[in-house]
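Here come two complexes built around chain A, the first alongside chain B, the second alongside chain C.
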Partner chain A sequence: MTHPALKLNDTVHQRVRLGILAVLGEAERADFSYLRGALDLSDGNLSRHLQVLEEAGLVQIEKGFEGRRGRTWVSATARGRAALDEELKALNELIARVNGGG
Partner chain B sequence: MTHPALKLNDTVHQRVRLGILAVLGEAERADFSYLRGALDLSDGNLSRHLQVLEEAGLVQIEKGFEGRRGRTWVSATARGRAALDEELKALNELIARVNGGG
Partner chain C sequence: MAHADAATTLRELETVRQKARGSLNASWLAFLIWGTIVLASAPFTQIGDGAAVGVYWMLATPLGLLITWRAYRSYELRIGLVDRNERLYAAIIATMVVAAFVLGAAGQGGMLSAVGPLIAIGVGLVALGVVKARDLLVAFAGDAMIVLGIVIAVADPDDPALLAALGQGAITILAGLIALERQRSSQRRSGPEPAKS
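Coming up: the complex of A and B.
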């Protein structure tokens, strides 16, 4: 029987990136400063992890304006939502096994 | 409201270490080669992560013999079990939020 930990994928599982994908799983899209605040990150740390997710095709980043204010919008791609689903499924299995249900 | 991702702790959350603590959460103790097989790790990778967990006081490592065969037993400490509990609680919260329950 394969341990569910083997189904975890570092790109998605890493703490900050899981947080980003989870926030994007709750909302259609979020702007950079919202993500930074919600996950208590520095600009640099958030940028770095967004880049990893973007390069993996898991998020899409769009720059736009709201009035005269620049905004950076981040949304999960279909692949990003699927990857988050897989991750949460594996975590649920892992939790069930620890709790004696698996 | 604090996002549950902020409650995740890299020492415990990292994929391999979460796997180790999860296996130890299912069993009293496990030997090195069982962990290596269950989590599909190399000797070096497993050793490295066990060292991080041992230095954090989350696992205890004992060397012994079974007949003439050397065995390395690994078990979670009370602190390790508590840390795994915290992690799984935070993950459950995160899953519930993504699923619209939080």
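Coming up: the complex of A and C.
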């Protein structure tokens, strides 16, 4: 049986990226400002992590305008939602395994 | 990865998710809009044989749905977070409002006109509370309306339509105020959860 720690996905497992996917798991889409505030990140830090997630096909980024103001919306792809579920499952298994002494 | 790290990560994630759910839970908007619409219907119950209140609801139902939809949309755009179950909630709300309207019309100003919409909205709110899974307030408001509807039907007062409008309006606005305060106090309590790399 594979150890649950080996099921953790390196791209998803990073704390900020996991936080981004967790927020997106609750919503259809979130804008850049909401993510930045909810996760207490700087613009640069959030952009960097979003780029990693987008390159991995886990999120979709749409840039648009509201009036003259630019607005960036981010949504989790089906693959991103599945990756989040897998990650949460692996973390829970890991805890259960340690608690069970396995 | 250590057990403690996994547990901490899961706790942090749950906090972030709860915060997102809390931001999205704006049931106070619908409660306050519909509470006002229902209370405003009370004077119309006193005019004629029920035709006036029928016309009122014929105009207020689509207008209320439109205002609710616009208010939610504008709220979501303001906070920067869009609910993924929006269509499901909209379908439940539209069904219960239309059912209330149909029952109100079918009763032709009698007891069914007074109690039917109350129970239809109550059942709809209980369904919404269950679908939203964490919103007991919505379900309680629905229960209160169902109980009020049954009490009015059993007591058979002289003016059931007026009592139903006032009672339902009061329950709805009270639930809206509680939901609004609940969201505000939850926002005051939960500061941003750091998830720095």
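The rule is short, and it goes like this: the second predicted complex is superposed on the first by the 100 of 102 C-alpha atoms of A that agree within 3 Å, B and C clash if a C-alpha of one lies under 4 Å from a C-alpha of the other, contacts with A are read in each partner's own complex, and residues count from 1 in each chain.
One rule holds for everything that comes next: a residue touches a chain if its C-beta (ideal position, glycine included) is under 8 Å from a C-beta of that chain, and two chains touch if they have at least 3 such contacts.
Worth saying up front: this structure is predicted, and the values here are computed from it rather than measured.
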{"item": "First (chain B), second (chain C), both or neither touched by A:82", "value": "neither"}
{"item": "Partner chain in contact with A:19 - chain B first, chain C second, else both or neither", "value": "both"}
{"item": "Which superposed partner A:10 touches (first chain B, second chain C, both, neither)", "value": "first"}
{"item": "Partner chain(s) touched by A:33 [first = chain B, second = chain C, both, neither]", "value": "second"}
{"item": "Chain touching more of chain A, residue-wise (chain B, chain C)", "value": "C"}
{"item": "Shared chain A contacts, counted only where both chain B and chain C touch the same residue", "value": "5, 8, 15-16, 18-19, 22-23, 25-26, 38-40, 88, 91-92, 94-95, 98"}
{"item": "List of chain C residues in touch with chain A within their complex", "value": "1, 3, 6-7, 9-10, 12-13, 16-17, 19-21, 23-24, 77, 79-84, 86, 192-197"}
{"item": "Parts of chain A lying in touch with chain C, wherever the complex brings them together", "value": "5, 8, 14-16, 18-19, 22-23, 25-34, 37-41, 45, 49, 66, 73, 88, 91-92, 94-95, 98-99"}
{"item": "Chain A-touching residues of chain B, taken from the complex the two chains share", "value": "3-6, 8, 10, 13, 15-16, 18-19, 22-23, 25-26, 38-40, 84, 88, 91-92, 94-95, 97-98, 100"}
